[in-house]
Amino acid sequence: MDSGRAEAFSDGVFAVAITLLVIDLLPIGSGPDLNAHVLLHHWPEYAAYVVSFLTIGIMWMNHHTILGHVSRVDRPLLALNLFLLLGIVAIPFPTALVAKHLTGPGGAVAAVTYGLVMIAISFGFDGIWVYVVTHAAALGAPLPREALWQSIPRFTAGLFVYVVGTLIAAFASAPAAVAIYGLLAVYYLFEHLPSPAGGDAPAGADGGDGGPGGLAG
Amino acid sequence: MDSGRAEAFSDGVFAVAITLLVIDLLPIGSGPDLNAHVLLHHWPEYAAYVVSFLTIGIMWMNHHTILGHVSRVDRPLLALNLFLLLGIVAIPFPTALVAKHLTGPGGAVAAVTYGLVMIAISFGFDGIWVYVVTHAAALGAPLPREALWQSIPRFTAGLFVYVVGTLIAAFASAPAAVAIYGLLAVYYLFEHLPSPAGGDAPAGADGGDGGPGGLAG
Amino acid sequence: MDSGRAEAFSDGVFAVAITLLVIDLLPIGSGPDLNAHVLLHHWPEYAAYVVSFLTIGIMWMNHHTILGHVSRVDRPLLALNLFLLLGIVAIPFPTALVAKHLTGPGGAVAAVTYGLVMIAISFGFDGIWVYVVTHAAALGAPLPREALWQSIPRFTAGLFVYVVGTLIAAFASAPAAVAIYGLLAVYYLFEHLPSPAGGDAPAGADGGDGGPGGLAG
Amino acid sequence: MDSGRAEAFSDGVFAVAITLLVIDLLPIGSGPDLNAHVLLHHWPEYAAYVVSFLTIGIMWMNHHTILGHVSRVDRPLLALNLFLLLGIVAIPFPTALVAKHLTGPGGAVAAVTYGLVMIAISFGFDGIWVYVVTHAAALGAPLPREALWQSIPRFTAGLFVYVVGTLIAAFASAPAAVAIYGLLAVYYLFEHLPSPAGGDAPAGADGGDGGPGGLAG
């Protein structure tokens, strides 16, 4: 299958998933009384919305970077991509848990669930990246074998932060964990990656820097 | 009409339908108490989500394979495609039934409804495939007439499994039926189809193997 | 603006609107008891789903046919298109009214509302078509002025049926009106239009037959 | 990254966001009694739907105009675009607040919240436009530096109206504020912009007139 088709479908899923996040906000203010206090009281909903929105947005960028290396996709890559999207589409669920329980007794369970979904998505990105690098020729991807080893630090970095966040959620503070998830997204949003506009840059270096690294690696 | 436009519209419908599956998960944990037991108690929702997600994903791949044969679409093919999408878009409904009733007294009815929708979708795929093969010249599809006969075993296979699953749901066990639906999806996900990258392969063989065969045939 | 961009956006809106129709089905069977009687009792929901699904599907085809004539869009055409989409996106609302009230005392109001939305959409299609024909040169559409007059019978036909259906809903029977809406969709689905694959056919004739005619004209 | 990909993703988000507006309408008429009075009583929902629909539609046009200038996007532009989409996707939330509270005691808070979201989106458009003009060479945009200064009047105009509307909502009348939001959308919808079809027009002038000007500037 031409990779453009798989990308277009994935883009559609990302676009719908990121937009469905607003559904969690709609019940706010549906009671008879509406005032500024009521609206501000729901700050966990807004925080969860912003964190998940930025996270899905960056994951979309990473997904695009990875699939941008290949010129065609085969059935195993489609299967791996489907497992990744299974996690992406689920994001509104832990987001809703965090939105409703962040400051209550269920906050730890909510933030741990959020972290576990992110860890699963990180493994999904890693799996796709490993498959792309190890099947570069068949997929029409101009990636040297070393791209895999070069990208290991980034692989580990994002995953490590999510594991730390999940542990903090479990044993220390749910709001602190959510703040970590959000800071991770903001960090990768502004991190100045090597210019993807530079078509002359070796593909391996680009893959190692912009590929599964980033938020989801 | 150019087939690309019909594919893009269908891709959009598939992408939205697969993403709307998360809506069934959003009410989980909306009560005042949230703990691991509450979350794990909802395993039928997660199971239904995963089974339907993989199923829609594979159906998207099959849809793409079939429409990939044609270079233009006519009004009857658009009509058949619309009936197929009518079934695809409905999937979140039986998914919600299974999610809510799988382990209760309504489990049989829920799993039978799920199976019936899948059987209807299978017929939808079969109808499109038969139309494409029998109107190959008008649709610009390089398919020999024999592609139809060669694909009969696969036609029957997927449909047969869904019929068996539906009967098991009706007379034996709803969870067992849902497990069969899920295993069918996983089987077709990992089945190593003849390389679609091999443009030299005869189109008929490709159609017979990768076309309406697969999950929905 | 290139017309492809406007078409892609419109296609996305059509795809989401047609898929959101399933939301009306999700509450079915959410009570504690689920059996075949409960499911069958909700036949108005299924009927409303099918009628609106086919209707939006055919409107998508008509929209594609009309915009297929032009090679670029200007601001007034974008504005007219936005008003049309305003009606398309609203369709799940009267659909929900019909689904809930078809067989009850509110059936007439529900079916009248449905008809009024369809009439408004018909005028929306007519407005776009008139604009396209009267600005054919500026929009890069190879349409003769006569295409407008040739298409008047079809303009009037679809609109006439919706007016009749709305009157029947108001003064006679809501289910009969919904049946008329559905039959109109099925009729246009299977009507054998002059082959759009025939690129040699005069554009005017194609526009007159396949353009704003059809369901929404 | 090629700008087409970022545009396609953004288009998808706009299309889903504009279509989700109908969700606010679905609960109307869900009670046992349905008559014309019940339906007409919900006019604030319809008004909020129309105003937000036209607003998102025009913002989509503006977004397309701005990104139409560039031929590639870099990471900062993607980040700015993500912040803009964060606001666009949130629009159904203040829309729901206005729909539910416009004529009640919470109307002022609802309309102020609506205005604040629009002001934030205006700043988002301004940020993207300033970035595009000041990085025109790197983004492959044929925009002279003067395009920035030429567009200042339009920058200020849209923002000014939203600030005025928000103040009117806070201190005078919520319905009047919503009417202003709606009139602003209608004004920009019909305003006859310099023909974007005129490819000979200097890009700077086009950017200054059709870019961040318009509704969101």
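Going by the order they are written in, the chains are A, B, C and D; count residues from 1 in each one.
In this section, a contact is a pair of C-beta atoms (placed from the backbone, for glycine too) under 8 Å apart; a residue touches a chain by one contact, two chains touch by 3 or more.
What you are looking at is a predicted structure, and each value in this text was computed from that prediction instead of being measured.
Here chain A and chain D face each other with different sets of residues for the most part; under half of the interface numbers are shared between them. Among the other chains, B has the CA centre that is most remote from the centre of chain D. Centres computed as Cα averages put chain B at a distance of 38 Å from chain D.
Inter-chain centre distance (chain C to chain D, centres taken as mean C-alpha positions): 27 Å. In chain A, the residues touching two or more other chains are 8, 12, 15-16, 20, 23. Residue ranges of chain B in contact with chain C, taken from their complex: 1, 5, 8-9, 12-13, 15-17, 20, 23-24, 72, 74-76, 78-79, 82, 85-86, 89-90, 92-93, 96-97, 100-101, 104-106, 109-110, 113, 138. Within the complex, the chain A residues that touch chain D are 7-8, 11-12, 14-16, 18-23, 25-26, 28-30, 32-36, 39, 49-50, 53-54, 57-58, 60-61, 64-65, 68, 189-193, 195-197.
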